[in-house]
Structures are given as structure tokens and as C-alpha cells.
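The two complexes that follow have chain A in common; it is paired with chain B in the first and with chain C in the second.
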Partner chain A sequence: MSRSPYGTADPTLEIRDLSISFPTPRGAARVVDHVSLSIRPGEIVGVIGESGSGKTLTALAVLGMLPRGARIDSGRILLGGDSLLDKTERERRAIRGDRVAYIPQDALRSLNPTLRVGPQVGEPLTLHRSTSWAVAKRKAVELLAAVHLRDPARRAEEYPHQFSGGMQQRAMIAMGLCLEPQLLIADEPTTALDVTVQAQVLRLVREIRTEHRTAILFITHDLGVVADLCDRVYVMYSGAVVEEGPVDRIFERPSHPYTRGLLRATPAMHGPKEALIPIPGQVPLATERPKGCRFIDRCAFAIESCQRPPPWVEVEPDHKALCVRTDETGAAA
Partner chain B sequence: MSNPLLEVCHASRTFSTGVGPFSRDVFTAVDDVSLRLEPGRTLGVVGESGSGKSTLLRMILRLIRPTSGEILFEGRDIWTLSGRELLAVRRRMQAIFQDPASSFNPRQSIGAILAAPLEVHRVGTRAERARTVVETLELVGLSPSYVSRRPHQLSGGQRQRVAIARAIILRPSLIVADEPTSALDVSVQAQILALLQKTNRDLGLACVFVSHNLGVIRVIADDVAVMRRGKIVEAGTVEQVFEKPQDDYTRALIDAVPDPSRRRSAVLSSQPVAQE
Partner chain C sequence: MSAFADYSIRRHGLLTLGGVIVAAVIISAIFAPWVAPYSPYDLDVTLMLEGPSRAHWLGTDEVGRDVLSRTIFAAQISVKVALFAVAVGLIGGTIIGMLAAYCGGPVDTVLMRLMELLFSFPAILLAVVLMASLGTNVLNAMLAIGIIFIPGFARLARASTLSAMQQQYVEAARSIGMSHSRIILRELLPNVVTPLLVEAAVAFAYAVLLESALSFLGLGAQPPDPSWGNMLNTGRGFMAQAPWLSIVPGLALFLCVLGFNLLGDGLRDVLDPHLRD
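What follows is the complex of A and B.
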């Protein structure tokens, strides 16, 4: 059962068949390979994957912030129905920070060390709304209060280095919320934080969803965070989405062997103490992927027909896996 | 109770935070910590940033001198040793660090990196050392061809395998590991944890394993010490501490970990195990 109460609204973000590649001496490296995903208003959607899965590049494509050299080979990105890839750089700049906000992993490196926090948090107002600095500063104090910083007026006058890691991340979130964006993209925002601080930041993300009905794209490598926070999840492996569905269903009935592998490789905090079962081998390079299923070399379920590209199989309503063996993977109880 | 391999007795360490040599401002990083580790057991040390776990570890490795208290290895205070005796202790105590990229000389081959401890301690002839290097590589699941590679040609997981090989090549009795899997992806982390468990068991090694990840500690450790603000707030076996935490902070820490196992299903228990 999906926890999202907004099941029928038009999606805020829709990515259709997005492919991105980088030129390399050994040919084009397809780092994002026919990725489709959508997020509705008020929904928290997780994208989970390990390094090199393409999750961050997918997010950067939405923002129009792909690194130099990256080429979009195909696909469409629709934000509230507007096709982002058809827009000019100037138009995209107007959207960024206004309709889409981005919260990066490393907050300290993203804040300007020479400016006080208050003006930085309020800056989007002056850029996108031509608000005066005085008003923007007042708004910044309100925003810092909204992300539960104690004594926000004093904090606004401080510099980033005077903040702890969790406070810096909350300041980034405050800045992101400044213009009440439709879409919030958070790229591993809690990875560098201690668990107790992470719990506070996750609580804040949930609050934002409830209060503003913001659509939230949450990128993480941590299955625990997905279980805790998200309504739906896309599992990415080696550039492609390999499984998608409501979080409850993915954990109840993981159907792609990679998803199952990830779950069994993650240390559990409760229940019987089991040995972890590693996924053998490693992620193939983007230039050296197997022809058929990209997980074939590491898969315990692989059979002859996995040599061909796998189909999408609907395991149950809203829950799909890119695997021919879902009868085996999902059904065995 | 058998004799402990490692015993930390009322160890404290303060750092001066004031300006100038006569300042009395101090920060107590480790505050009256005592613990003991028996041969062959793994002790997990958990704590959040700033809890003093790395300082404790460095005192055990004889890299930072305790302000007060003692570190006993096989019954002898390591800070009173010097010369040949100290060299003998160093040989029996090895370390694995978080970032395998920065703990190797990038210009050396893996073979040279692994042979270095043998050379320092004058073990065997050149030919014997070369053989030991290859045998140790196989122990950590790497083929002999890795001897000629350099660190940058390896993935994070492979580098951490080399770090483990370097730590065990002298057949120590204690491994000290500081967040050895924090920089790795979960699937690789599971590989490295399984390897550490295997080498610890096969070679009878004791291990001090520092991590901020409670799930990892639960998997790898027999005993656990929870640190906060320089003190051990709770210690016991993994079962005791994780099932029935006595201290409020331990409980808060455990509750703060987002946990997929609450949702995990029985489907997973039926999977065939893939061969490596």
C-alpha cells in the first residue's frame, strides 16, 4: 500500500526515457540509460543506488547542471508539464532555485564561507523576486526558525563555520525552501551527518512535504533512510532503473536480484543477527556492460535468457522489476 | 577469565585549546576510559563525531600519548617500551584505516606495499617474502597478478583488501581498524566485513573495530563499547547492548538508525547464494 495521499495528481516531475553519456577513448559511456521516473506533489520518492549507478547525474540533468562533456542522448524532462530540455540556459536559470531547489551532500562546501548565513539563505528572494535585502534578511530569519534553528536572529548573523554539520544542512534546506519550490532535490543530504542529527533532518524533510506539498526527490545509498522516509523508490544499478514501486512493497517483496542483494548486504539493527551476504563481484564499467541483463555476472538467479535485454515485469500493481526471473525472486516465501 | 591481550586502564587525553604555551584551557578528548580485550575477540567502539573514539584508537596504536592512565599490550605498558621491545609490539599490532587511497604510497606497487612490513621486521629472504606476499594476497581474495599493480588501479573494495593483507602479513595478534568500511558501497562493505570476519577467525586475531555505524558493529563485533564525550557510557556483549541498552544515550543512538530490517520480509531467506 502506498503511503502517498496524492496518488492521482499530475506529476510535478516526469522524466521519460532519459539517456546521458560521456565520450571516452573507449567509446561513449552511457552513464544514465533510458531512465524514467515521476514524482507527484507531496510525494517523497527515493532513488537508491551505489556509486556509479547514475542517480546523481539523473538529478543534475533535472537541474540543468550536468558536468562539462555530458551529453543528453534522448529523453524528456517535464516539470509541471514544461519541457526543461527545450529551454534556454537563461530560462533554466530562472527555474533553478525558484521552482526547483537542490540540497547537496556537503553543506559546508556549498555555503559561501565569507558571507553571513542570513543573507545567503535569503539571496534567492533578491535574485528571483527582486526583493530588497532588508526584507530578504527578515524572511531568512523566519526560514531559519522554520528549520528549527534555535535563536535564528542571532544565527543569521553568524558565518557558516560557526555552524555544526547538522545546522549547516538545515541552513541549506532553509535556502532551498525560500521560494517554496514545487520540487526539492536532495542528494544524500544526511550522509555526512551523525545518526541522531540525521534523524532530525529526516523529520524536517517529512514536515516540508506535509506543510508545503513539495514533491521531493531523495537520493541515497542507504536502504534504512528509504525505509524510513520515502513513499516510493527507484532502485538504480549501473545507469538504469532496475526496480520501482511503493517502499512497503519493495521491502516486502524485493523482485530484482540486485534489490534483494542490497537488502541482504545491509546490516540490520533488529531481528536475528545474521551474517551479511555480499553481492559478489563489482559494478561493470559503463563501457563494458554485459549485452543482456546488466546484473547477469553477479546474479544468483541468472539463466540462459538473461543474455538478452530483460523486460519490465509487473510484479504487482505499481511495482515493476527489470528481470525475467521475477517468478522466482518475488514468489519464494 | 583468560589474560587480556589489550587492556586500557583509566586512560585520559586532554588537548590544549587555549592560545599560547601557558594557557590552561583544555579539551578532554578521552576521559578515564578503561577496557579489556581478550585474544581472538572483536571489540566494537561506537560513537558519534567528537566522541573520542579515534583518539582512543591512536593511544592504543601508540600514536598519541595518554595524559594519564596506561595502555597494556600483553601485560606491558606500551608507553614504557622502546627499541627492540617496542618493535616487537608494533609487529603484533596492526592498523587498517578508513581511506585506503590515502594510506598507501601511490608510487609503490601492491607487491612493494605488502613487502614493506616484512622488510622492516627483517622477515625471511627476498624469495620468501615474495612468496608470503602472494599467499597473503590470496588470503584476501586477490589474484597474484595484483603484485605489479598500483593503488590507483584498484577499486575502493580492492584497496581495502590490500590494506587487510598488509595488516595480517606479519601475523599480528591485534588488528585496530578505524572505520574501515565507511567509504565503501554497501555491497562491497559486506564483502570486506565478511573477509575481516574470516581472517580474524582463521588467524585467531583480536580486533578493535571503530565505527559510527551501529549495524556494522552488530555484525562484526562480539563486544561493544559506546562512547560519548570521551567516556564509555555503556559496554557489554553485542547482544546485551543492542537488545537491552541500559543507557539513555545508547538507546537514543540505536533508535536513531533508520532500519530496513523492520520492513524486511521472509522472501530473502530463500535465496541461493551466488558464488564469487
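What follows is the complex of A and C.
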């Protein structure tokens, strides 16, 4: 079973069979293809994949903030049982920042440069609870203290450019925590940060989970961060989830050839130095995907039956891969 | 190193010069009744077309009014018209440009094609047409000049808004559930306003010039109210006997426009982040 102690609670977020496409001159580009995932309260779930794998769009769909032109072809998104896709824009706006918080990719540009940090951090209160700015500012100082910013009262009066990268990221997290959301979506929040600062931010994320039992969806392309932080992980490739399971199982027994490739292309922290092996080829364009398995052109294990769409195979309890050759790949790991 | 320092001193020198001229114009406009030695309307038929003297430093006009006093009072009208016209252009253009950029799609297309339509008329012609249909008085001159300014401000506002909308903080604002109007006013406006203010300073100079042109054509300030434009028009008839009637308001106009242009250019340099150290 999952190492998460929250294995049986009802999921905070459940995405079922979500597909998103963009119209292009060469037909609809399926950028998110039948993605399903779920997160329970207090669980940190990682979504890992290269840029363009659809992980950010999946997150934006949860927020109801898909870019212009994107179309949801199928699927359901349930937040604490409420179907988000059936809601109006106004209802979804009431959910954003209140029940769901989002920490965007580049926190260093996510604070408005012309406004002081304090009012920005406390702003969700004025938006969703109609509090006064004075109350929001007091709350902002508390929040900045909670994310371990030194001298929060003075910091709240400063402008974003007076903050270091790590401090801006922590301010963004503070803003996200303002109304104690059920779900926190963090989109590569540590990518732009120094390693030491990154460690502080990850520790903060873990603290949030234990203190508030917030469900956290953590999007990243950094396997090290996943190993360090997450309970469960979904591996995305070219718009689809290709493997899912508890983090330790996936690292122990990566079963989709793409997951194996990712692990072999990442330097190991401990143990003997092995040569890094890049995955040959490139991610296919959404309009030019192979008919069968989408990884077939880059896969060393490809056989005849990979020309057909692959089934989900349960490698071990709670650990599945979208590959017919899991016996081979799992054993070879 | 020293070349750069020289350059920076020169740049700020021009900005200061512009600021001083603009301040002088505005102060003499506001305090005209106290600054001017005579009333701009007092006739003295015994002193028609007198040259500069101790009593009348810049001479008198064809009905014996003090030219210096009329020039100072004329600044009042110029500043008032320019201020109002730039405000109309700035506010109207900012609203139209930001809406076009934020809404995009058909709203953007319709609004911006309308702006191009306005833009395609020569400014003076458009002003004359507007004045002809609205009637000739100072208020309508302000409105006409303001309308001429709207497309320029709208284009600038649209471009700045489009680039501000690419910024991550707009997405962050949406992600905390901010409404569209609040995003426009709180997140975008403060980031769009700087280039618009610089443009406003330059537009101010142009507004002063346009107001004079309209008054020269008899469409702006009506006699006996003094305006640099109608003073120039009067002076034209006495070019040989009394050149000061044209030279004085012409010089005032020149200095005023120069001042606002220097201020606008200087502000742009100072506020341009690429030139900031």
C-alpha cells in the first residue's frame, strides 16, 4: 500500500479521464490525453514529465484557467466531491484562492512589481472574505512569519524587488496559504531557485502538509525533488500518464521504459558514478503521435504489439504502468 | 566614464530647463492677475501700436492694450485647454486601449479600427470639422483637441497592456480569484501608466500648438479673450508697423512648446528602465 498514512480518506482532488485539445491547422492537438489522478488530504502527489508533457495544462484545468483556445474534450474534475467543470466562471473564481491555491512556475515574476508585498499576500482575504485592508495586512504579516521570513512586519512594507528569489517564492507560498486551501497546486516552484533555497522551500511544503493536512499537487521535472518530497507520483509523457504509484516503488521498480529512461538520465546522489544515458529521439508533437504506444519510437523494448494502444498493467499493488512489456522492464531494472 | 557623466548631466540639464520653462508658464498662467502689469482688456486709444517702452515693456496693440499682459493672460487659456485636452485624450485613450488589449478578439478589432479611422484624418482638419459641428468656443476646442489625442494614447495603452498581460503576476492574480475589473485596475494599470504619463507631457506641447492654430483660424478663444493664436492672427496685419505684435506671442508659444518637449523627452529618459543605472 501507499506509504501515505491517508490512504483511505476520500480524495480532495480527483481528475477522471481528462482530455484537453487545442485546434491547430493540422487538426486538434490533444495536449492532455485521458489523464486520471487523485490526491487525498495531506498527501503530496508529484506529477513529473518533460516540458510539453501536459502537466501544467492539467493543473490549469483544475483552476479553470486554461489559455484561450483550449478545449476540454472529456473528463471530470472533482474537488472534495464538487464537479468543477460544471461550474460557472463566477463560481470557479470564488474557488480559486480560497479552496485551491496555485503557486506558479516562476515565482520571481509572480508578484506585482508596483505593489507592496504585504497587501499582495493578504489580498485573498479581501477578495473572498471581504475583510478590510488593515485586517488583510495583519494576516499578511502572520503569514510571512509562518513561512519563516525574518522581520515580517518590515518585509510586508517592501516591494518585491527588495526580496531575494527564495523570499519571493516564500511570499507566494504565504499568499497561497492565506485562506488555508484544501488543495495547493505548485508548478515547479523550486526550478528557479538555488539548491540551498530549494531545500528550505521543500521543507516548508512538507510543514504545510503536516500542519494543515493540505493536499498538494507538485508539478516538477526534477526527480530528486520527487524522491525527496512526494508520497505518490504520476509520470506524464506526451500528454498522458504512463506510470503511477508510490514514490519508493517507482524508484525501486520503474516499469514504463520512459520512467526508466528518466531515472537513467538523472545523476544519482549516492552510490557509484554511472554514465548518464539520455533517451534517444524527441517527444512527438501532439498532432503526430504514433498510433499505438506513444513512446514506441524512442523505446528499446518495442515489439510488434506496441503498434496497438497499450493497456494499463498492474506491476504490483497500487503501481501501474501503461506498457505491455512491464515484465521485461521491471525485471531489468 | 567621464563621457557618460557628461551625457547624464546634459540629459538632466535639459530636463531641468524644460521643467523651469513649464513651471514658469504654469505659474504665470495661474497668477496672471498678479504677474501682469495691466488688465488684458484695458484699452488706451492714445497708445495704439506703441513700441516697447518703460510703461509697456513689450509695446501695445492696435487698440492700445498691453502686449505683455495679454501674452501672460493668454498662457491661462493655453494651459487650461492643453490640460483638459490631454486629460480627455489620456483617460479616453487609456480606457479604450486597455479594454481592447484585455478583451481581445472582436472588441479589440472594432475599437482599434475605430482608432485608426480617427488617426487617418490630419489633426487640424479633424479639429476644424469637430469645431464646426460643435460650435466655436474654448470648451469645444478642448474637446476637439482631446478627441484627436485619444487614438495615440489608446495605441500606447493597448501595447503596454498587452505586454503587461504576459507577465506572470497577472496569472497569479487570476489564480487567487481576482475579478477582471480588479485585475485591470490593480494589477495592470500601475504597470501601464508610466509610458502614458511621458506621452502626456509630449502631447501637452502639441495641445498648446493645436489650440494656437485653432485660435489663429478663429475657432478657439474668441476676441477680446487673449490667446497666442488670435494675437498672432492680429499681429499678422501689422507685421511692418508693429512686429512685436507677432514676435511676442510667437516667442511665448515657441518657448512653451519647447519646455514641454524637453520635459517629455527628459522624463522618458529618466523613466526608461534601460537607461536607468
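The rule is short, and it goes like this: the second predicted complex is superposed on the first by the 331 of 333 C-alpha atoms of A that agree within 3 Å, B and C clash if a C-alpha of one lies under 4 Å from a C-alpha of the other, contacts with A are read in each partner's own complex, and residues count from 1 in each chain.
Keep in mind that, in the parts below, contacts are C-beta pairs under 8 Å (C-beta built on N, C-alpha and C of every residue); 3 or more make two chains touch, one makes a residue touch a chain.
All figures in this text were calculated on a predicted structure; none of them were measured in a lab.
Asker: Given the alignment on chain A, is it a clash or a fit between chain B and chain C?
Answerer: fit
Asker: Between chain B (first) and chain C (second), which, if any, makes contact with A:L111: first, second, both or neither?
Answerer: Only chain C is touched by A:L111; chain B is not.
Asker: Counting only touches as set out at the top, which of chain B and chain C does A:T210 meet: first, second, both, neither?
Answerer: A:T210 sits against neither chain B nor chain C.
Asker: Which partner chains sit in contact with A:L63 here, chain B, chain C, both or neither? Use first/second/both/neither.
Answerer: second
Asker: Looking at the overlay, what does A:S74 touch: chain B (first), chain C (second), both, or neither?
Answerer: neither
Asker: On the superposed three-chain arrangement, identify whether chain B or chain C touches more chain A residues.
Answerer: Touching more of chain A: B.
Asker: By the touch definition at the top of the document, which applies to A:P124: first (chain B), second (chain C), both, or neither?
Answerer: After superposing on A, A:P124 lies in contact with chain C but is clear of chain B.
Asker: Just how close are chain B and chain C at their nearest CA atoms in the overlay, in Å?
Answerer: Between chain B and chain C, the minimum C-alpha distance equals 7 Å.
Asker: So which bits of chain A does chain B touch that chain C touches too?
Answerer: On chain A, the chain B and chain C contacts do not overlap at all.
Asker: For the complex, which residues does chain A have touching chain B?
Answerer: Those residues of chain A that touch chain B are 50-51, 165, 194-199, 202, 221-229, 247-248, 251-254, 260-271, 273, 275-282, 298-301, 329-330, 332-333.
Asker: Note which residues of chain A are touching chain C in the complex, please.
Answerer: Checking each residue of chain A against chain C gives 63, 65, 68, 93-98, 101-102, 104-106, 109-115, 123-124, 127-128, 172, 175, 178.
Asker: Show which residues of chain B lie in contact with chain A when the two form their complex.
Answerer: Its residues touching chain A are 48-49, 155, 157, 185-191, 193-194, 197, 212-216, 218-219, 238-239, 242, 252-254, 256-268, 270-276.
Asker: Please name which positions on chain C make contact with chain A in the complex.
Answerer: Residues of chain C touching chain A: 104, 167-169, 171-179, 182, 186-187, 190-191.
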